[in-house]
Each structure stands twice: as structure tokens, then as C-alpha cells.
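Below is the structure I would like to discuss, written out as C-alpha cells.
Here the chain labels run A, B, C and D in written order, and each chain numbers its own residues starting at 1.
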Amino acid sequence: MTGLSLYALTGAGLTGLGLYGLIATRHLLRRVVAFNLLGSGVFLFLGAAAARGEGADPVPHALIITGIVVALSASALAVGLVVAQARLTGRATLPEEDTHGDDV
Amino acid sequence: MTFWLSLIATGLLASLAGALWRVWRGPRAADRMMGAQLVGTAGVAVLMLLAPAEGWATLDVALLLALLAALAAIGFAKATSPDGAGDPEEDGAGDPEEQQAAAADTTDGRADG
Amino acid sequence: MADLTTYVLTSVGLVFFVAGTLGLLRFPDVFTRLHALTKADNLGLGFIALGVALQAPSWREVALLAVIWVLALLAAGTASQLVARAARAEDEDSG
Amino acid sequence: MMPVFDATLCGLILAVALAAVAGRDVFRAIVFFIVYGLMLAVAWVRLGALDVALAEAAISGGLTAGLFLVAYGRLAAVGAADEPAGLLNPPAALAGCGLSAALGWAWFALPQPDRPAPQLAEALPRSGVENPVTAVLLNFRAWDTLLESVVLLTALIGVLMLARVGAWPGRPGLAQHVRPGGVMAGFGRVLPPVGLLVGVYLVYVGAERPGGAFQGGTVIAAVGLVATLTGAFRPPAVDAPGWRAALVAGPLLFLLWGLAGAVIGNGFLTFPPTLAGAAILAIEAALAVSIAVTLAVLVLGAPEQAARE
């Protein structure tokens, strides 16, 4: 039981780190990375919850597998948008945030 | 036996801290990439060591990690080539114009192949 | 007997992995670090695969372990070549 | 010993995630994210979720690494790979800590599940397969999976819409070139046959053992990515009819079978138990092809090569 709590708390920690990265990092590619951390933190939490009791519960596992694949496709779309934005403007940051960090 | 194997697996994981330090520290991109490769190899070893305790189907996961381990290095080689689609082994790998010429050659050679 | 051999082989494997990590940390530049990474680690993986193979319930698992090791060798050889050449191309660019 | 192993693994995962969001170097963040995915695959094994571990290993170990590194190379080519200075952001840190604390509290407040889940064990023999995860994905919650395969197609349409006018309808991604007979080209010839075999094997055994359309399809997509990047395979132009057929084969077969269920069975997507096993295998095979092609093109990106030679 303690082992599962460990994984669940790791998942909770990952979610928080992902949220922090999503807000605090400026480079859009890093935001996509942070978004993925957030998502996989939720998956880990869900996976730990599925492993309680005797025998793992397959329903959350199926949800997580679909979630991982959807997260990849969303990331691919996001990365495509980042590359397109960088080609147009020469930057990979949001224009309204492109003040080089002096307003933080 | 499971105790012993998990002991070795824990030792392997602990040794990864060194590889992570190399990824953090760099100094070059190639150093970081090597750290990631080391984690990949060690991950395969850890999964092998877990197999007797967690079920032998764990080896399928190790198989996938070993199978796709080089994809990151290929992506890295692509990322460091001037036009993002080259090969560090090509002639004039540092020169975008020559690479374009090489690309045209390859394309012609393969167009009907 | 098989168990004793597993103890020995997996320990040797761990030693090679630790040596590889130490090399990655201590060697001075990209190209020397590649030695540590590619040689020591894959040797270590081979010893661990052998050690685990002695515990395998059937030949299927032994064969799978061998396939995994061969694939890891192939990947490590390719990856080290590509990383080294990419680093050298970068050197030529800047120098 | 296992608690120590779990603690080490969880500590490493958190450290790697922290390293991926901290600091300023974009490339370093990407490498840490690749490492993170590898470690997560080990964590899934420890949680007894082998099906998830297979998907995670194929996606994080292969596709995500390729996606982010190739994108980084393109950003570096236009000088957009550097990150502006970002200082520590206290409100964001507060939000992150708050979310973690809330989830941590929620874990200990969760009610114990009533186990073993009796309905699932009862229903499994009627599903046509022995792997419970496959049964859930393709039978009990087939709606989710059908809609997910459509989500993948939607994401692909979004990526393809980013193509520039002159490049449409070209081959997806950049024009890859390698030194003929070099290391990269050689690897691209050796790996794909083995990888394809592993992918097909995973789809086939998905009915009884961990594996299935998603895991197998992802492996095939990663193998296709290797073959394309190493110049061993040139993907067809995005408007080639066979290519489009491969994209929709899985969702279409799934949908048709669902409608057939509405006519001959008890409703949309209900499979008669006698036919379920064969139907699931057929749908899985078609889905694996669609998933493989969709994911590979998603990672390669919109066409950027001249439309026709």
C-alpha cells in the first residue's frame, strides 16, 4: 500500500511541476513538454489508483493507453504550430510575452 | 532470488543519478544525448531484472526500449544537421549548400526506385 | 548452481554499469565518454541478460533476452557513431 | 527491497521532471523529457500495467523523442531555439504546489474500491478476448476507442493544414538525405524489418497477452519514422489514394462493425459473443495500420518538399 501511495504522490508532484512549467516557461516547445508532464502525472495517479485491491483494474489502464496516444497527437499538433509560428516570426515565444523577462 | 535481482536493479537506478548529472551539466548537446542513451540501456537492464518477479511479459517492454533506443540518436543527428534533414556522415556536413546539392542527388537517384 | 551463477553474473553486470557511469562523469570530452557509454554499458547489459536467462522458465525467454541484447548492441553502435559524428561536424563548423 | 526500488525510481522521476521545467536550456529540457519517458515505462511495469508500459515505451522511447528533437532542429535552423530569460515565477509555483497538495489530499481521501470488480470478471468470457485491457478498449468501451481514432485523424488534419501552399500535396516532412552506405542508411535497412515483426506480433498477441492495436501501431509508426529519417523509405505524397485509405481503414471498419451490431445485435457497437473474437482481431489489425500511418505522419509533419518532381 505504501508503494502505491508513493507512485500516486509522485503523480501529484508531476502534475504540479507540469502546471508550474506550463505557466513559468516562455519557450513554447518547453510548454509542450510541461503539458506532457502534467498529463502523465494524471496518468500515473490514475494508474496507482487502478493498482489498489487485488489485481490491477483494466478499465483505467485502457483509459491511460488512449490518453497517452491522444497526448502524443495533441503534442504533435502543438509542435507543428510552434514550428510554423517560429518560421513566420523567427521566435518560439508568445508575442505578448516576448519582453525578455523584465516583467516577472 | 527476487530480493537479489531487485537489489541489483536498485543499484542500477542509483547509478543513473550520475548519468542525469551529465545530462544537466552538458556541456555539449552530445554529452546530454549520451546521458539519455545510458538511461535507455540501464532501463533495459532494469526491466530484465524485474522480469522474474513481475512476469516475463516485462521482457516485451525491454524489447521495445532496445528496439527504439537509436531513434533519439537519429533525431539528434538530424537536429544538428544544417537543414534539419541531413546525416553527419555526408560530405560537407557543415555546409548547407553542399547538402542541398547532395539532397538533390539522392532525390534524383530514388525518384523511380 | 544456476542461482549462484546468476548472483555472480548480475553483480559483474552492475559493476560494468557503474564503471560506465563513472566514465561518463570522469572522462574529459565527448569522444572519450562515448567509450565508457557504449562499451561498458552494453557489456554490463550482456552479463545481466545472461544472469537473468539462468532464471528463465523456458527457451523462449532466453531467446528473447538474446534478441534484446543484440538489438541494444545495434542501437548503441549506431547511436554512438551518430552522436560522435554530429559532435565532430559541430567542431568543424566552429573551428 | 522493492520499497527502496520504488522510492529510488519515484525520486528519479521527480528529479528528472523538475530538471525538465527548470533552467533555461531548451535542448536540455527535451533530453530530460526523453529520459522521463524511459523511467515512466519502468514505473508502469511496477504498477502492474504492462499494456500501458508497452505503449509508453513505444511512444516515449521512440515517437516523442523523434518529434521533439526534429522540431528542435527546425527551430534552431530559424534561430528560435533559445529561450528568453525567465525568472522564478512565484504565483506559478504556488499554483503548482496547490495542485500537487490537492491531488495528494485526494489520494488519501479516495474510497477503497470494491474488489475484485465482479462485473468485469463475469463479462470477460463474453468479450471474445482474454486480455482484459483489450476487452475494455475494443468491446466494453468501444465508443471511447472509436472516438479516439477519430481524434487522431482530426489532429492529423490540423497538422496537414500547416502545409504551405507550394508544398501541397507533397510528401510529409522535410526531404531526408543521408550518405548512401553510411551508418545511418545501414541502420535504416536493418532495423525496420525486425521492428515491423515486433509491431505485428504485438497486435496479434493483444487478444491474450499485453499488446494490441495501440502498442503495435505505435511500434510500426516508430519503425516507419526510423525508415523515413534514415532515407530507407520515402513516404508517399499526402494525397496518394492508398495512403488515405490506410488512414481511414481502422475507424471505418470499426464504425461499420458498430452499425452491423445495431442491425444484427443488441445495438450500436455491441458484438455478439460468437463473432466478437474474430471481429476484434480484424478491427485491431485495421486500427493498427491506421494508427501507425497517422502517428508517423503526425510526427513527420506537414509537407515541406516540392509537390511533384
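List of remarks:
Assume a contact is a pair of C-beta atoms (placed from the backbone, for glycine too) under 8 Å apart; a residue touches a chain by one contact, two chains touch by 3 or more.
Since this is a predicted model, take the numbers as computed values, not measurements.
Ranked by the number of C-beta pairs in contact, the top chain pair here is A-D. One finds 12 Å separating the Cα centroids of subunit B and subunit C. Rounded to whole angstrom, the centroid-to-centroid distance between subunit C and subunit D, based on C-alpha atoms, equals 27 Å. Centre-to-centre separation of subunit B and subunit D, using mean CA positions: 18 Å. Averaged Cα coordinates give subunit A a centre that lies 14 Å from the centre of subunit D.
Each of the following residues of subunit B touches two or more other chains: 16, 29, 33, 35, 40, 60, 63, 67-70, 72, 74, 76-77, 80-81, 89.
Not a single residue in subunit A touches at least two other chains.
Shown for subunit C are the residues that touch two or more other chains, namely 71, 74, 78, 82, 85.
The full set of touching chain pairs reads A-D, B-C, B-D, C-D. Residue ranges on subunit C touching subunit D, taken from their complex, read 71, 74, 78, 81-82, 85.
If you check the complex, the residues on subunit A that touch subunit D are 2-21, 23-27, 29-30, 32-34, 36-37, 40, 43-45, 47-59, 61-66, 68-70, 72-77, 79-84, 86-87, 90-93, 98, 100-101, 104. Against subunit C, in their complex, subunit B makes its touches with residues 1, 4-5, 8, 11-12, 15-16, 18-19, 21-22, 28-31, 33-35, 37-38, 40-42, 44-45, 48-49, 51-52, 56, 59-60, 62-63, 66-70, 72-74, 76-77, 80-81, 88-89, 93-94.
By the touch rule above, subunit C contacts subunit B in their complex via residues 3, 6-7, 10-11, 13-14, 17-18, 20-22, 24-25, 30, 33-34, 37, 41-42, 44-45, 48-49, 52, 55-57, 61, 64-65, 67-69, 71-72, 74-76, 78-80, 82-90, 92-93.
Subunit B meets subunit D in the complex at residues 3, 6-7, 9-10, 13-14, 16-17, 20, 23-24, 26, 29, 32-33, 35-36, 39-40, 43, 46-47, 50, 54-55, 57-58, 60-61, 63-65, 67-72, 74-87, 89-91, 99, 102-103, 106-107, 109-111.
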